[in-house]
Every structure is written in C-alpha cells, then in structure tokens.
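Across the two complexes that follow, chain A remains constant while its partner is chain B and subsequently chain C.
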Partner chain A sequence: MSAATHLPGSCRICRVARLVVLGAAALVFLMPYLWMLSTSLKPQSEVFASSLSLIPDHWSFLVNYGKALSRVPMGRILVNGTVVCVTIVAFQIVFALPAAYALAKLKFRGRELLFGSVILGLLVPIHALSIPLYAAAKALDLINTLAILVIPFVLSVFAIFQFRQAIKSIPDDLIQAARMDGMSELGICWRVVLPNIWPAATSFAVFSVVAHWNDLYWPSVVITKTELATPPLGLLFFRAAEAGDDYGALMAATVIATLPLILLFLFAQKAFIEGVTSSGLKG
Partner chain B sequence: MAEAGAATSRARTSEVRVRQEEYAGWRLSAPVMLLVIVLLIAPTIAVFGLSLTDAELGSSEWHFIGVSNYSDLAGDRTFRISIWNTARFVLLVAPASVALGLGLALLIESSVELKGFFRSAFFLPVVSLTVAMASVWQYLMHPTIGPINQMFRLVGLPAINWLSSSDWVLTGLAVIGIWQATGFAMVLFLAGLTAIDPQLYQAAEIDGAKSPLDRFRLVTWPMLGPTTLFVTTVTMINALKVFETVYTLTEGGPAKASEVLLWTIFKQGFTYLQIGSASAMAVVFIVVLLVLVVLQTRVLDRRVHYS
Partner chain C sequence: MSAPPQISFRSVAKRYGATLALKSVSLDIAQGEFLALVGPSGCGKSTLLRILAGLESLDDGRISIAGQDVTARRAADRDVAMVFQSYALYPHLTARQNMAVPLVMRRMNAWQRLPFVGPMMPGRRAVDAKIADKVGSVADSLKIAALLDRKPGQMSGGQRQRVALGRAIVREPKAFLMDEPLSNLDAALRVHTRSEIVDLHRRLGATTVYVTHDQEEALSMADRVAVMKEGRLLQVATPRAIYDDPDHIEVAEFIGSPKINLAAADVGSDGVARLGPTVIADGLGDFHGSVLRVGFRPEHGRIGPQERPGDGEVAVSFSLTRLEFLGAGAIAHGTLATGESVELRVGHDFVPPADSRVFQLVLPIRQLMLFAPSGDRLRTGTSLAAPHAAEAMHG
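== the complex of A and B ==
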C-alpha cells in the first residue's frame, strides 16, 4: 500500500482540487519559460507594445536568433561549456573512485585524516577560496585559459563522500573473489566497484554538470575573453554588448544557453533528480 | 607440527595482507591526498593568512596587520549593509521555499495523476541556467513592459519597480530565489515522504486519526522532522550564496540595496583588488556556513530522534 492512499485525495472533489491547485502552480512556475520563448520570437515593436499576448503577430525568429548567434560566438561558448563540464566530471571520477574505494574498503593509516579533510571540503565552497586560487592561477599564468576553469574542480569531495557510501554496501566477498582471481586493487576499482555503483556515479555526474554549467563566480574571476566564456559568462558578455532593451535578442540568447541542460533533463529526469537530491546542494 | 606450521603461515599471510592493504590504501588515495593539500588545505590556510595582511592584488608589498581587517569590517558601512541584506534575503527565501516545497510535495504525493509532470515542472527551475532565467525575470519584472506589472494593472494593483527601486529590489530578487529553490525543496520532501512507513498511517487510523489533517499532524509532520531540518539548512546555505542574479541584474544596487555577501567579497577582491580585507570577509562567510552546519548537526542529534 502506498502513502498516496493515506493522504488527502481519496475523494473525487479532492482529486480535482489537487489537479487545479497543482496546475495553477505549475503554470506560474513555467510562466518564465513561456515568456522566454514567446519574446524570443517577437519583433522589438511587439515587445514594447505591452500586450499580454504570447503569440507574436509578426514572427521575428531569424532576426532575434541571428543576433543571439552573431553578437557573441554562441556556438563556441556552448562548446566551451560542454568541454569544461565533461573534463571536470571525468577528472572528478578518475580521482574520487580509487580514494572512495580505499576509504570504504581498505584499512590504512591516515584514513581518518583523509576522511576528515573530505568533510572539511564539503563545508568550504569555492567562493571562499577564490582569492588564493586566483593568485596561484595568476602566478602560473593560467588566467584566460580553459584549463583554469577545470583545475580547481578536479577534486570533488562530494564524489568521494557519495561513492564511499555506495561502495560500503558492496559485499566484501565480491572484492575478495576478484583478488583471488589475481586482479589488482586498481583493477578492482574500475572493473568491479564502478559497475556496482553505477547509479551513484551517474547521479553524481549529473549533479556535477548542472553545478558547473551554471557556475558564474569562478569563470567571471578568471576569464575576460569572450571566446573562452562558458554559457553564464557568455550571456553576461552578450548583455554587455547588447545596449538598450533588445529583449527579443536577449531572450533568444537565453533560450540557446538554457536549452542544452533542459533537453538533457527531459531525457534523464530520474538521474537528474537523484543527482541533485543526493548531493543536497546546488552550485 | 604440521598444524603449527600452517598456523604460522596463516599468520604470516594475514600480516602480508595487512601490509598490502596499507600499501594499496595509500597508493589509491595518494592523488586525492595531494589534491586535498593543494586545492583545499593550502587555499584555506592562505585565506586565513591573507585576512591578517594588507595585501593587494598586483602589488608585491604587504604587511602583517593582525586583526585590523576584522575590526575594520565591523565598522565598514558596505559590509554591514551586505550582511543585513544577505540575512534578509535568506529569511525571505528559505521559509517561503521550504513551505511551498512541502505543500507541493504533499499535494503531488497525495494521488497518482500527473505526478511525474508536476514533479518535473517544479524542478525545471533548479536545472535551468540561473543567469539566463535572471534575464527572463528582468523582462517579466520590467516596470512598464513587463508582463507582471501589466497583470497587476489589469487587476488594479499599482506597478512596482521590482528591480530598480531600493525598496523592492531585495523582494524582486527573493521572488526569483524562491522560484528556483522551491523545486529543490520539493524533491527533497518527496524523497522524505516516500520513506515514511505506510503502516504508521494504518496505525494512526486505527487510533482514530480519521481526517487527513490528523494524519498529517500525527504521522507525516513528525516523521518528516529530520527531512525538514535538512531542507531548511540546505535552502538557507544556498540562499546565503546568492550571487548570479545580483551580478546579472543589479550589481548590488540601487544604492547598495541589493549588496549581498558574495557580491561584496567578489568586488572587494577582484574589482578593488583589496585581497586582505576580502579574505577577512571570506573567513566570515566560512564561519557563518560552519555555524549553520554545526547547528543542524546539533539539532539533528538532540531533538529529531525516533529510534
């Protein structure tokens, strides 16, 4: 029996009321997306005509999206975002998995100390450390490179923490059997442990992509060149280049920058919700 | 004799095994240990260290000045406004999004129709690019052509300068913050709700809890205690980190009315290049986060316990 039967909603009126209330709330929550799409298709004159109509009288798709793609190198910016996010996730998993396995299944001196620093890492956000990290990046001549967008994030204490939890539930016998077969500890990590914690790994990957695709703070500290911008920073550059209130073009640019993640979300909703939920933190 | 030999060899194998494990543990976690030192511990120490100096970016000269930066912060008007605004923002966003998130989760979980659609609809803002959606909200909240004020006008309400008047700017930003945080609180509550044992509801019904409100009061709310505490803390921490919308829409203005902690640190460090005092602000930020997390763990240990 599910909890559903015990909560309000067993009567017909209650069910209709639930749909009405949730439907109205969903409309409010989705309103920004409707207006974003609608405005991105409207010519300047209609945007300023202050009508509440969502359907444009004259379609201005090409003009607005043309501007959005030409004022800043939007394609390049999307590629930057993708490259940065994918590289970050790959490094995070490569570093975190062996350490998480060691923390969960191996006894060694320094284990408690390592776990303690993982907890410290969970508490201190990048924003607080950005000043010394910036100074170091500058000293190493890494300002305005894609590498510096990746480097501070290759260590993910979230990944270590979550993977450790997941690995703990793998039976010791399974690992022992792999050792008997002559597998190395690193081999066990990738060929036994990873397949067994796949759900945790995918939900972490999704969480990480959402966080880094959205991050504005660090990119705006280390990147000043438009062609190296990630999507949030690219949008800021677009806003700066776009004097006045050309909302049609601005909305077209926001559609382009938002769409990749929304499409990914619609295809992999379960992993998204689990990823963001299990981390407990966004950004 | 043979048995004793076997025992010794077993002991020796297990000793070898222990040593191997020790070695493997170190080898597997060595890269992370190195990264922890370089990317976490060293910068943390550096922030504390810098906060005791008058260092400036681009200048190689700096002096140790003790806790002067901290005492200066106490008297710094901008910093005080910033702390006050951040606190107000957190208190506007966190309670509203936790309450809305709980309400939506309860409604969604109470029946099966369109469950998946609603969950996705309310979650969508969580995965949308904040800078992009901030631009959309800027248009929605535009004083003259914005749809929100037009709707207000239709029902006879006065137009509001959501983002450009110092009286309203924090409320405007909070509306965006609530819009983004609610779906997040909702999915955490949904996870908490499905974890409640249905037998508890049956037991409550047998004990006479007939109305939905009784069942909520007797079972759902107390069982959700730990979830609620967790959601509240996480929502507060996320609200404390408000930055994207401020950077995109207001840059702390008008007249410092939307000056918030991360924006102040960002400007002090990377615009005014005063990394000494910016580090002191960052330390204050870390301390506030620590206090929130410690409070959460304390309450969780003491009060919200059912086992």
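== the complex of A and C ==
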C-alpha cells in the first residue's frame, strides 16, 4: 500500500485495525485449505495427533504424494476433468451466445415466451432430470464414457440468461453498424458481441469450470471406471479402494485435484479484470 | 431531374404498433446530391433513413438504389454506408481495425477471415496490403493517421466521429447515410466538422442523405432540404426555396431562427385580406370570413419612429418590449397592434429612443407569406404576396 492509496481521513491505527480484521477473516476462510495442505504433508501418525500443528514434525511429502499419484491414475483423472470442463464450457458458449443474442437483440414472434421458458429452465435442478437422463444414456450405450459427462450440460440456460443480460447493454447502433459493414448475424455474435461481453463470458466460464470440475453427483451416476473418473470421483475411488483412512495420502490427492482450479482462478482473475477495464462500452 | 435518381422512395409506409411513423413517403434523390432530412423530434427522420439502410423493414412501398429495387435486400447487400450519432465504433478494435472492418467483410472470403488460420490462407497477404493502403489513405485525408492505433475509448468525440466517417468512406458506397452525426459534438467543433463534411461530399461526389433536427445545419450543408412532420414530407426543395418560399406554415415555422413571425389577417366579403387597414392580398373570396395567417421573416421589417410605408409596403404598429443585443445586430422583441408577439432583426446601430416604445413596423408586401387556415401556403389569387409573382410584375 502506498501513501497515495489511503483514503483521506483514515488514521494509522484504523488502517492497522482494518488490516488485522481482514487478515483474520481471510485466514478463517483459508484455514480448511491450509489444513488440507498441512495434512497432505504429514505422516499417518501425526494426522490424528492431539497437538494441533500446521507444520509437520516429520515431512512425508514424497510418501503421501507418491501414493496419491500411483494408486489411482491421477494424471488421467486430471486430464479427464480438463477435457470434460473445457468441452462443456466451449459448447455452452457456442450454443448460448447465439441464443442470448437472438433473445436480446432480434425481434421475432414468441421471443418473450421463449425467454420465459429459459428462466423456467433455470429452476430445474439436475437431480430432477437425472433418472430420465440416465435412462437415455443407458439406451444410447453412453454409460462409462466421457461424452455422457459432457452432453447433459452443453446447453446452459444460465449462460443464455447471463449473456442476454450482458448483450442488452450493447447499443443497438453497434449491432446495426456491424450489419451495414456486411457481417452476418452469426458474424456479429462472434466478432462484435463476444468481445464486448468478454467479462460476462469469462466469469461464466470460471463459474462453469468450477461447478463441473467439482461436480460429484452426475459422474457418480454414470461413471464406474476409475480411468474415466473426474477429480472428485477419483478421490472417492482413491479413498474407497486404496487409501482407507490414510488421510495424508487422501489430502495429497485432494491438493492435486484442487490445484488446477486454483491456478485457473488466478489466471482468469487477471483476464477478468483486464476485460472489465479495457473494453468498457464507451460511445 | 432528368437523370435517373440514385435513391428513390415510392409510397413508403412504416407502422410501429399504433403509431404510423411514416405515411406514404415518396422521394427521389439524384446521383451526387446532398439531401438533408429535417424535422422535429419523432417525425420519422431516423426511421426513413434506417429503412433506406435496410435496418428496418417497411410495411408498404418500394425503395430503389442506383436503379435497383432493394426493398427485399438486407442491409449488407445494399452497399450504402451509415454514420451514426453515437459513432457506433467497435469498442474492442483500434481505429485502424474499425476502418478496415467493412473491407475485411467484403474483400476477404470466409476462410481468410478465420481467426488464427485466416492469415495463412492463400491470397490473404495481398488483400491485407490493399486494405491497409486504403485505410491509410482515407485516414490521411481525414487527418486521423496519428490516431489509428487507439481504441475508441481513448479518443475524443470529434476524433471518434472522424473514424466513423472514415469507416464509411473506405467502402466507397453507393450512398452515405448520416443520422445526426454532429449532435454529440460541442458547438465550435460542430460548425467545423460541418464544413468538413461538405468538403468531403464535394470531393467524393457521393450521394448523401443527412438527417438532422438542426435547420441551420440543413440549410447550410444541403443541395436540397426535405422537411418532415409526423411521418410526412412537407416540402422538398433547395435551402433557398425552403426558406423564402415555404409551401406550408409548418415548414415556415420550422426553418429559420428566430422563427418566422405570424400575424392574423381577416378576409373581408370582398375577398381581400388586410393586415390592419392595409390590403395585402386579394381574390380570396373562398376564404371569406376565415382568418388567414401572414408570415414574415424577422429580417424583413424595418422599424423606427420615422418609418413610413412606401409603395408596395405595409405598416403596422409595433411596441417594443425588449432588445436582445447579439453583437453584430440585435433582436427586437415586441407585440403588434393585433396582439401577436414578434421578433425582428435590427441593425447594430439601432437604439430605441428613451421616450417611445411604439414604432411603425414597415413590411414589403412581396415578402409576406399568406397561409390558409389548413396551413397550406396561398399563392393563387394572392397577386401581391408571392415574391416570384411580385418580381415578375416588377420586371
């Protein structure tokens, strides 16, 4: 913090107090993660030791992480998670963007009704649909494939809703200028609309990746093979089959499963803020 | 007009729900002409322009551009360029990229436009070079070469307006359509840019339809002015004819600042219209008993304590209420003996005497315009009122 960023009238003590409070709150929220990290570094004997300590007496990094990486195909599981999440997000944006554009900017009969049904779609949870979806997947012989982890989610009503709200704020003139410049409606979607709702698209992508990376419910319904598992399901298999109550190894696996998300978050946060500041819709 | 029109509207009608935005508009615009479309807010100017651009559908009528019926064509295929009041530049692209967009869309095929792989497509480099040349030369002519790498958010309103003009010019379209392109600029820049657009039009010779609600802009820029009111064309004529010889009282009122002065004139049983005691028109038997309106421009009267009407002039009493000094001249606000308030342009030297606020206002009868109760201009039978008629008689 440089002196220039201080709000006028804030005293030194207030500043320190604010920092302490915020720091403490941050620590509370970080605690589970720190504990996870700490446990992943401890030998089995220390995990249940009565003395609470974040720093292990004996480091068993290699043992725990070695188990996590060797007993289940962790690399494969991370790749599964990445493939599934990236495919889902890509399809969601490809399908939602034109739909949201049409709902926001094109005039056609039944538009409001259609948008109403989109809103209605927001209210339906995946759990309500899982039995028919499972039956369909079974009938199509898609159980235990990565495809079935993707297919039910390629159409996101939430994305349509969020993009429509963002597209509404794009001036009509801009869309019409694009038409005069010779773009087709789909061209407008990709060349004009997407760059101008980039912050909304980024935040949706982060939301979607986090949700599907962490999803345990649907994978546990349709996947029974370890090599097709996504990270949370992989953890479950790891715990059930191999690790038992080896919490050090389990936490090591958990750290590995969460790490990509944390990295993505840090990266996307930067892109997100750049998106907000550089492409604000002026004039 | 002998040459076929570049743009032609045939009985174009447009309805928004219950409102009729355009009521059977027919208009021909010649190749190379600069036509200004003026009218009060909400009269349908933008609607007409957007229908011409293909951005809005029409309910009735036909439109042709360069002899081809384009009624059913989409905007991209009409080959006209539009300049928007809000500039409508792509916020995520630099000025250079903004200006290149219409060329990229027209000169490259779909493969060459693809991201990442497009630049590797055959022929792409040659097209790129041509586009860069064109953008560069247009930017030079608009004096925006230094701005080419900025995004719209980093430019002032005037600079954005130039880039928007540039984006329209690079295409060499069949016609330029401009919807109040100057109204977001400050007064000084507006006047400056106005003359730049006129120069540009002279240089390119492209047909231009220019929408504005500023009558001064219309008079000063256009070859012809079309005055609209409530979805109808009231009059289409040269700026001079619109100002000196309006067809309708609404046109007379809308054009000119300060506004035209209007006074009531009774028509007697003899078919003669009088302003006060003076006969200003005859042969108006049809209007016996109704009140006509007499219009005169603020610069057409003389006032002074000693003024006396000469031949072909009429005098009415005028009481001065306020003198508004404007520098080069002044505007005298006051009321006529008949009660109407009027504004008159007077010279810089006009100083009202301290003892008297009542003057004789002397008006040349041939400068008076007579309007029927319906608002239509009365020329027939008004042997004295129409300037042309009067001139013809004198000559």
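One rule holds for everything that comes next: the second predicted complex is superposed on the first by the 233 of 283 C-alpha atoms of A that agree within 3 Å, B and C clash if a C-alpha of one lies under 4 Å from a C-alpha of the other, contacts with A are read in each partner's own complex, and residues count from 1 in each chain.
Operating definition for what follows: a contact is a pair of C-beta atoms (placed from the backbone, for glycine too) under 8 Å apart; a residue touches a chain by one contact, two chains touch by 3 or more.
What you see is a predicted model; the values in this text were computed from it and never measured.
If you count the residues of chain A touched by chain B and by chain C, you find the higher number for B. Contacts of A:15 after superposition on the shared chain: chain B is touched, whereas chain C is not.
Judged by the touch definition given at the top, the superposed model places A:180 against chain C, while chain B stays out of reach. Residue contacts after overlaying the shared chain place A:133 against chain B, while chain C stays out of touching range.
Of the two partner chains placed by the overlay, only chain B lies in contact with A:120; chain C stays clear of it.
Shared-chain residue A:171: touches chain C; no touch with chain B. By the touch criterion defined above, A:108 reaches chain B but does not reach chain C. When the two complexes are overlaid on their common chain A, residue A:195 makes contact with chain C while staying clear of chain B. Taken together, the two complexes place residues 280-283 of chain A in contact with chain B and also with chain C.
The part of chain C that touches chain A in the complex is made up of residues 50, 53-55, 74-76, 80-82, 84-92, 101-102, 105-106, 151-153, 157, 160, 167.
On the chain A side of its complex with chain C, the touching residues are 171, 173-174, 176-184, 187, 192, 195-196, 198, 278-283. Interface residues of chain A facing chain B in the complex, by the touch rule stated above, are 1-4, 6-9, 14-15, 18-19, 21-22, 25-26, 29-33, 35-36, 39, 47-48, 50, 52, 95-96, 98-99, 101-103, 106-111, 114, 117-118, 120-121, 123-125, 127-136, 151-152, 154-155, 157, 160, 185-186, 189, 210, 213-214, 216-217, 220-221, 231-232, 235-236, 239, 245, 247, 250-251, 253-254, 257-258, 261-262, 265-266, 269, 272-273, 276-277, 280-283. Interface residues of chain B facing chain A in the complex, by the touch rule stated above, are 18, 21-29, 31-33, 35-36, 39-44, 46-47, 50, 57, 104, 106-114, 116-133, 135-137, 139-140, 142, 144-145, 147, 150-151, 154, 179, 182-184, 187-188, 191, 193-194, 196, 198, 201-202, 205, 212, 215-216, 220, 230, 234, 237-238, 241, 243-244, 247-248, 262, 265-266, 269-270, 275, 278-279, 282-283, 285-286, 289-290, 293.
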